[in-house]
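Below, subunit A partners subunit B and then partners subunit C, in two separate complexes.
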Partner chain A sequence: MASTLSMILYFLIFPGLLFTAAVGLLTTWVDRKVSARVQWRVGPPWYQPFADILKLMGKEIVIPEGAKRTGFLLAPLAGLAAVGVVSMILWLTNMRGTGFVGDLIGVIYLLTIPSLGMIIGASASSNPLASVGASREMKLVLAYELPFVIAIFTAVTKISPMSLRLDSIIQYQDANGVLLGSASCIIAFIVCLLCMQAKLTYPPFDIPEAETELMDGTHMEYSGPALAVVKTTQAMMLFTLPVFFITIFWGGLKLTGWGLLYTIVKYVIIVTIAVLIKNTNPRVRIDQAVRFFCGPVTVLAIIGMILAVAGF
Partner chain B sequence: MGATNWGFKKSLWVFHLNAGACNNCDIEVLDCLCPKYDIERFGMKLVGSVKHADVLLVSGSVPRKVVPQLIEAYEQAPKPVAVVALGACGCTGGIFKDGYNFAGPIDKHIPVDAYVPGCPPRPEAIIDGIVKLMGKL
Partner chain C sequence: MSTLIPIGPFHPVLEEPEYISLYVDGETVEDADIDLGRIHRGIELLAQEKTYDQDTFLVERICGICSASHSWAACLAMEDIVDVVIPDRARYLRTIVHELERLHSHMLWVGLAGHILGYWTVFMWGWKYREPVLDCLEAITGNRNNYAWYCPGGVRRDVADEIWPGVLKAMDEFAVQTDMLLHAILDDPVILGRLKGVGILTTEDAIAYGTLGPTARGSGVPIDVRRDEPYGAYSEVDWDVMVQDGCDCLAVAAVRLLEMLESVKIIKQCIEKLPAGPIATEVREIPRGEGIGHIEAPRGETFHFIRSNGTNMPERHKMRAPTFNNIPSFRPRVKGESISDAVLIFAVIDPCYSCTERLAVLGPDGRPYMKGKDLIALSHAKTEELRKNS
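Here is the complex of A and B:
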């Protein structure tokens, strides 16, 4: 009973929803500030994302005429819960070494739930532009999921003995140095960064929510607290994906002494790379994006896998 | 309500609605987003969907054809929402007040919270109007 209660607390407060949302929202401020500086602007103050969420909480939810009410409102919550669970698994594994067989597969599976939630929510909103966004999101998920999984499994192949547990990947890196030191894992890491850009729907892959043509696409019909949930989920993804990549490729999170500083530096480096790619690239068309992920990126991921099998 | 109200003041998301304007006010609105003025300092940003809007920035003299769309956009915006009338046409009708298809300035159809006159209003005037609106909220 006590362990159930502590699991609920873990999920709701520390490594789970509340902590991830707070750090994720702070990271979206870093994103907006860096974007503003790149564009030679001043940018918003640090509390801006929190003010946005507070404001959205106080607003009305408009349900569009003809929308499926339940699906429309529940779909974003599924995404929020999924990211919370991913964050909890990653942090508990890093902090206390608790893991279970196949938690890596669980994490990969849960990371697609926010995209699926947006697809369901947008399709339920009975808005033509939102459904165009949903269909683009669907194609994008189908395109990037294969290279993403191959890249993650490169790390699994690289460690010995092979294991699908996150904690054994961390233990291997503690004993033998970070995986990012090997050629195959550098390639896998680059593939992961490209897929992260698509998972976050950042430019050049912000095709599902293209602001100028689809008016925010999949999010278009959300308002008030429902939009706050959508925005928070995106912010949490921005926090969780770099943490996942650090865990897999870059030695895991170390939360004591100098390790804490290194962890924060690693996190900031990954976020900054994402923001700089976002600010220096125009949006591609959906067919270009699908061709890009199914062609060069998948080939790159497979090359990394072959190198890992060959022992590089 | 205190925290929500603070958030509302600090994060006004603007939906720009062109109700028959000549595009001159619209260009000045885009100027506000540029490095020289940068209204993102105040947490404002332009949003694409009226469902995300906190401020309806309406420009134009409202010809008869646009009236239903104007009212529908106002009804679709999640409340509380503030309305700003932009430019001489939006405030009074300007040079179009005697036009054959002129259907009244904006406040004849939807409640307006702030007026920013000028043809077109300078970006400084727009920012001044928005700051006054923030004081009023």
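Here is the complex of A and C:
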């Protein structure tokens, strides 16, 4: 009973929903501030993302006429819950000594849920622009999932004995140095960073949202608390994905002494790369994006896999 | 099966309310329809109720971006009736302001193109580079926009010589920044992927649709009023008409970017050659007659027709902004392209709706119900009425 209660607390407060949301929103502020400075603007104060979410919480939810109410409202919640669970799994595995066994397949699966949630929610909204956004999101997911999974499995191949358990990957790195030191994992890491851009729907892959084409596409009909959930999920993804990559490739999170500083530096580096790619690229077309992920990126991921099998 | 994707009347990509219907199959646009008529302001009628002096201020308000073009074209039309000789200094001063306006208009478009492509950095940088040009305009005319600079016979105010070094310096910096943007845009593989081969308007179509300005020049049609029928000081300075044969969005973008560099050349030469002397010939009255003025505005040829009956107000003041000609070219351009490219293709002509708006009579279903032949009949009746009265 006590363990169930602590699991619920883990999920709801730390390191689950509340903590992830807070750090994620703070990261979106870093993103906004850095973008603003790159673009010669001043940028918002640090509490702006929190103020935005708070404001949305007080607004009315408008459900469009003809929308499927349940699907429309539940889909974003599914995404939020999934990211919360992923974050909890990652952190509990990283806090060595809890005896928690993270399952890699589960994490990869849960990381797709927010995208699926948006597809379902947008399709349920009965808005033509949102449904175009949903179809774009679907194509994008189909395109980037394969290289993403191959890249993650490169790390699995690399460790010995091979294991799909997150804690084995961390233990291997603790004993033998970070995986990012090998050529195959550097390639896999680059592939992961590119897929992260698409998972976050950041430019150049903000195609499903495409403000100037689809008026926020998949998010178009969401308002009030529902929009707040959508935005928070995105912010949490911005936090969870780098943590996932650090866990897999970069020695995991260390939360004591100098390790903490080192962890923060790693996190900031990954976020900065994402923000810089975001600010130096225009949006590509969906066919270009699909061709990019199915072509060069998948080939790159396979090369990484072959190198890993060959022992590099 | 085609789905209707509405763009507008309110849409992030449109600065003004317009309605575009895209008929799409999946992501491919099969056909498009444009509904104008949402911000008709009746400026032509208003112009007929104001004096010639007031008209030069009124026509500036047709467009916030090409305000100098409209007032200069109106002044040319009035001067055409009076047959007046413009002092040299006035011609040069008019040209400088006109070219500065082209600079800021083209830079504004570069920023908007970045905005449409989701490239916020280009948007912000483009608009930042535009600021010094507006500062130059403010130094010369006193206003950042709507300059109140042109009057029949010349310009309204003289300019002190001290400001020119500052303008020249700003132009040098602007040329460097434009060059940087030119390379940043034309050498970026992702931008090239978005612009190259997208929105093809063949040379034949460009001529058939009567496109003007950079839209035509991007499709390999070498037209430019500044060269074909020189006005102002254009025949006395050294510059080139920029024509690109690409026929796609990239070609139009390249035309605009290269034209900015040409404009900088023109401005610098005009400032160096600027003669001393009077700034205006006094026009005391405008006799009975008809006059036209047409000049190369940033978006293409702006045309003004004025018919005078000898009073201090024009009997008819007809204006045509270049967007009027350029908008229909959207249709051949967009067919077969994807939705992502449709908004870009629409913006490539740098549309300016409120300048273009004509009266639209809507039926009960909210659609225009007058067909082409009805409008021609209406126009004939109007001409007949004018003839009878004069």
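To be clear about the criterion, the second predicted complex is superposed on the first by the 305 of 312 C-alpha atoms of A that agree within 3 Å, B and C clash if a C-alpha of one lies under 4 Å from a C-alpha of the other, contacts with A are read in each partner's own complex, and residues count from 1 in each chain.
In this text, contacts are C-beta pairs under 8 Å (C-beta built on N, C-alpha and C of every residue); 3 or more make two chains touch, one makes a residue touch a chain.
Everything numeric in this text was worked out from a predicted model, so none of it was measured.
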item: Touching partner for A:V132 - first (subunit B), second (subunit C), both, neither; value: second
item: Touched partner set for A:I286, first subunit B, second subunit C, both or neither; value: second
item: Partner chain in contact with A:M7 - subunit B first, subunit C second, else both or neither; value: neither
item: Contacts of A:W40 with subunit B and subunit C, given as first, second, both or neither; value: both
item: First (subunit B), second (subunit C), both or neither touched by A:M215; value: both
item: Which of subunit B and subunit C A:V265 touches, first, second, both or neither; value: neither
item: Partner chain(s) touched by A:V299 [first = subunit B, second = subunit C, both, neither]; value: neither
item: First (subunit B), second (subunit C), both or neither touched by A:I207; value: second
item: First, second, both or neither for A:V101, with subunit B first and subunit C second; value: neither
item: Contacts on subunit A seen with subunit B and repeated with subunit C across the two complexes; value: 39-41, 211-212, 214-215
item: Touching residues on subunit A, where the partner in the complex is subunit C; value: 35, 38-41, 128-129, 132, 135-136, 203-204, 206-207, 210-215, 279-288
item: Subunit B contact footprint on subunit A (complex, rising order); value: 32, 36, 39-45, 47-48, 50-62, 211-212, 214-216, 219-224, 227
item: Subunit C - residues contacting subunit A, complex; value: 3-6, 11-13, 24, 26-27, 114-125, 128, 188, 190-191, 193-194, 338-343
item: Subunit B residues within the subunit A interface of the complex; value: 1, 3-8, 10-11, 13, 34-35, 38, 40-41, 43, 47-49, 51-52, 54, 76-80
